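In the two complexes that follow, subunit A is the common piece, with subunit B as its partner first and subunit C second.
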Partner chain A sequence: MSKMGTLYAPGDSVFHRMDGSIKMLLFAAWTITTFLFLDLRVFIVMLLIGTILLLSAKIPFRQIRILLWVMIVFNVFNTAFIILITPTYGSELTGTNTPVLNIGYNTINLETLFYVLTLTAKYLTLLPVSLLFIFTTHPSKFASSLNRIGVPYKIAYAVNIAFRYIPDIQSEFRGITNSMQMRGIGFRKGDAPFTQRVKNVTSIAIPMLYSSLQRIEVVSNAMELRGFGKHKRRTWYAMEDLRAMDYTVGALCILVTASAIWLKIGVLSGFWYPF
Partner chain B sequence: MISFQQFSFQYQKLTEPTLRNINLEIQPGEKILIAGPSGSGKSTLAHCINGLIPFTYEGKIEGTMTINGEPTTGKSIFEISKTVGTILQDLDGQFIGLSVGEDVAFSFENDGIPRKQMREEVERALTTVNMLPFIDQSPHDLSGGQKQRVSLAGILSTQADILLFDEPLANLDPASGKQAMQMIDDIHKQTGKTIIIIEHRIEDVLEQPIDRIVVMSEGEIQAIGTPDEILASDVLRKHGLREPLYIEALKYAGCELSTADKLAQLNNMRLPKFEHALEAWYESAAASTEVQNREPLLDVQNLRFAYDEAHEVIRGVSFQVHEGEIVSLLGNNGAGKSTLSHLIMGIVRQTSGEIRLQGEDIRPWNIRLRGEKIGYVMQNPNQMITQHMIWDEVALGLTVRGMSKEIVDQKVEHVLRICGLYPYRNWPISALSYGQKKRVTIAAVLAMEPKLIILDEPTAGQDYKHYTEFMEFISSLSQTGLSFIFITHDMHLALEYTDRAVVLSGGEVIASDRVASVLTNAEVIERANLKETSLSMLSRMIGLPSAEGFVQHFINYEKKVKHHE
Partner chain C sequence: MNQKSIFNFSTLVVVAIGIGAALYGFLGFFGFTVGPATWIKPAVAFLTIFGALFGPVIGFLIGFIGHVITDLMSGGGVWWGWALGSGLIGLFSGFVYLSKGFNVKAGAYAKKHLYQIVAFGFLGCLVGMGEATIFDVLFMGEPLDKMLVQFWGAFLSNIVVVAILGLPIILAILRVNKKSTNLTIEK
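What follows is the complex of A and B.
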């Protein structure tokens, strides 16, 4: 995590230069498209495109490694559960049944295995674009981007405030736990029985709540004294004008989503099973 | 012009008015200091001026208040903020933007100024406060003084003709505080804006010229006058405020002060009149520098620490704290004070070097084990208190250690009596004042029976009266053999209540000596962002043989006076 408390990885790729609102649009279009289909061919194409886009952003692998692992572990568990709990679910989608492995109470069939493969590809498809959005959008630009796509600025600004104060709250939390530990109150494994530790952690809530209330008072006074909420609209220091590239990508997103819907209705409506 | 006539204000939730019968006129272009102890109503007065009262804090107003001839009632806070710009006390909390540029731009954004113009204005505002190179930095990279400059740039950009500073010196190290006052003065001279400063650290504010001082106490204005008039009288002391040290020295030396003596600024003062008395007072100093050979309690040897390989933050630090000794740890922001205290507490571990407590190497001890011998009290008591009742808070650490109820009760009772909290033992903590809460946190740590207590900014947020009470209490604890380390920016505190100062700069100890000696050493002062006291300046100006001796005499004399009171 950077000092800003966000995952932003500085760089100078097309995505770093692209406006935040367009990236949000891209993310939305990508997600809609992914959820429309249950077709491995579509996902492979999208996964390929997504990976190329991600590589072009040159985000250091070190930074995305953890998220990548989280995704892989999630997929493994998801897959295992589907196979073990509903080993013949695939048949419901295809109407055929090709047994592969007997696991006692039931038989896993080829249709289910293929379904699980498709589902995994589906989730993986979402990964590159989410990473792009999270890692290439400067935190300062989140709020203005939200405002640009129609979120009222008073709500959008809450995002800014969160980015601004999360690191402060984190360091305060560390300070409080340190002083509690000095008084013999344990938070780590081995310090105290589990139930006691849970109790100890919850007792931090009081000083944290107190200081948060105070912080809110200061921030809202400071904001009010400098005219926040004066007018119906406000401008954004961190916002940039949309450029030709932004318009192009934006139009492309809408076009792709529209054609995806057409494709869904007309051609690739169901679960694709080649066998 | 700001004008209060027969003005009173009562917060909705309180039964008594916080401000009573305020009659005050502040002329355009005037630079005015509003001083008063905690609870005197000075912050409430500030809220009335900037419009937070009645828009955020509701209550009952009597009498009238006008800004530039127009009554503020019926105006919105936004209209008032066009005329009055406020710099709040909490430098960190009021920094709204994610970067310096964004923070300065905040009021432009709210006014809907087009982006291109906004950037130009932001750059111009940052240039006035010399912060342009920091435009893309985040607040975490800035020191307190720099954050204050950014806030000031943000306010300057609004074109308000009245600037209101709410305790601008809180949380700044001495040198940054001095710079802050200098900067406020420069802006006053360049722009001719009305400047209102709310502060209780009068000496530091008076380093720059001030037109008038308003002394407040118990919700009323007690005195209004030029600094010369106020300093020549006893009004500050009478209302629980601290006079500048050089004024105290003059009074101790038995000098007759009058308004004509130009007391407000040391450099302009009519010194010849006082020289004789001061010299006589200095010579009366008893040469009793008691050298006590006490056992070292904490022994830090050649300590080194680095968060990462490239930057070593503690670079070979050695110092000792003896039994019953109070040591102040001084130094600029980033000098390594907090890291050093974290090393002692075991929050981080040294890369090399030793920390010995009563002769034993405590390297293998974890944070909780160290906590049995070393107590740590945070600056803000609200960050330490987790229980609703005083008794439970103090008992917490003991109960966790698995002591029986009788022993816990016995110890808690004993500690509460020492701390003067016994009458409140069954009170909810929320009913206590800030200073009392601070005592509760000390009591909670004392109950663990430590040998050494580390206090982070022990007197922050307390006025002179509470400060004195609290520090007398800490001194009395040290008489019982308990040792203390104060981490502080407060020179007066270090001077009056600590036996020795350890000064850090760039992760190294650059001085470890009696405070009077450290604070008269120009090189140490310069390197550690400290400030020469007015006492040593005074002594130099009249050509006394030893500034250190003069400062030490002052401290000894003051202790005697306080104990007689």
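What follows is the complex of A and C.
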């Protein structure tokens, strides 16, 4: 994790140079398009495009690997739970029933297996562009980008403050837990019985809270002294003018989303099942 | 702080949202699993606390922004439905702030406010987690039966956090603040 608490990886690809607000637009368009469908064909196309985009950003694979694993583990568990809890859910979508495996209280059918495959593809489809957004957007550009896509600047600034103070809160947390452990309050397994450990963990909350409240006072006073919030608009240090490429990608995002909605209404409305 | 308006975005409010979201976002990493892709998040207690301290709008924004930050930092994509759910828990936790005679800063409260904290907390968990469940069914196309299991897991673990962590901490703050405000001005 970098100093700002996010996963930003410096680089000089097309996406690193793209304006943050356009990347947010791309992220939103991609998410909405994925949400619309439950169709394996769409997800395979999107996964291919997403992978190509991700590769073009040249993010070191070392950094993505763990996240990829997290996603795979999540999908394995999610799939297992769906199959165990609703082994015939696929039939509700297709109206057919092709039994595959008897598991005692019910029979898993082919429709459900295909449905689970589609759902896994759906979750995976969300991944490449999320990664692209997270790894190529510098946190200091977050606030100005949010402001540019229409979020009021005070809320955008609050987001900026949140990113700015995560490392501080992290070190505060470490300090509090260390000093408590020095006084013999155990947090780890084996240090104390379970109920005592829960109580001990709870006791971190109050000092954390008070230090945060104090920080709120200090920071807001400092900002007040510098005249924050005097005007209806503000400018941003990290804001750049949009370039031709930004406009192109932005227009493309809107176009793709619109055609996705058209496709959803007109052609691929339901769950796609080829058999 | 004295004027109880919920749409008053003063500098203090901006900073409170920012730091509250940082706190909720950071503490959101800690938790333990209780069901399919569901875990107890002790950080939810901070939504109860910040809601009671600053009101519903700030509570909502802390929950939503904080959750999105947790998701962005852990990297696997943003779970918008659950982020909105966190926001709703914060929103409902803030309703007690609007209640007459309740002021955390001055340590002013009556017994009914404690019941309100619990009631709104539970209601917030119900609405928030319910929203997340419906969101996943509608937009992700998850089966409802499987999502109901997740809903109960999330709902129960959150009300446990509100009742066992949130309420005692608010009570502790109220008592501390009450002690420091019992001075009267002699005329």
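In this text, the second predicted complex is superposed on the first by the 275 of 275 C-alpha atoms of A that agree within 3 Å, B and C clash if a C-alpha of one lies under 4 Å from a C-alpha of the other, contacts with A are read in each partner's own complex, and residues count from 1 in each chain.
Heads up, the rule we're going with is that contacts are C-beta pairs under 8 Å (C-beta built on N, C-alpha and C of every residue); 3 or more make two chains touch, one makes a residue touch a chain.
Note that the structure is predicted; figures quoted are calculated from it, not measured.
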Scan A:W272 for contacts with subunit B and subunit C and give back first, second, both or neither. neither
So, does A:W236 touch the first partner subunit B, the second partner subunit C, both, or neither? first
Quick one: is A:L38 in contact with subunit B, with subunit C, with both, or with neither? Answer first, second, both or neither. second
Report for A:E224: first if it touches subunit B alone, second if subunit C alone, otherwise both or neither. both
Where does A:F163 make contact in the superposed view: on subunit B (first), on subunit C (second), on both, or on neither? both
Would you check which partner chain A:M71 touches, where first means subunit B only, second means subunit C only, and both and neither mean what they say? second
Figure out whether A:K154 sits in contact with subunit B (first) or subunit C (second), or with both, or with neither. second
Go through the superposed model and pick first if A:M180 touches only subunit B, second if only subunit C, both, or neither. first
First (subunit B), second (subunit C), both or neither touched by A:R215: both
Residue by residue on subunit A, keep only those touching subunit B in one complex and subunit C in the other, then list them. 160-161, 163-164, 168, 206, 215, 219-220, 223-224, 228-229
Give the list of subunit C residues in touch with subunit A in this complex. 9-23, 25-27, 36-37, 42, 45-46, 49, 53, 61, 65-66, 69, 72-78, 80, 139-143, 145-146, 149, 164-165, 168-169, 172-173
Can you name the residues of subunit B that touch subunit A in the complex? 50-52, 55-56, 77-78, 81, 85-86, 88, 90, 92-99, 101-102, 105-115, 118-119, 122, 138-141, 154-155, 158, 342, 345, 347, 367-368, 370-372, 374-378, 380, 382-387, 396-397, 400-401, 444-445, 448
Contacting residues of subunit A [partner subunit B, same complex]: 3-4, 139-140, 160-161, 163-164, 167-168, 172, 175-176, 178-186, 191-192, 203-204, 206-207, 210-211, 214-215, 218-231, 233-241
Touching subunit C in the complex, subunit A uses residues 1, 5-7, 31, 35, 38, 66-67, 70-71, 74, 77-78, 81-82, 85-86, 89, 92, 118-119, 122-123, 126-127, 130-131, 134, 152, 154-155, 157-166, 168-170, 173, 198, 201-202, 205-206, 208-209, 212-213, 215-217, 219-220, 223-224, 228-229, 271
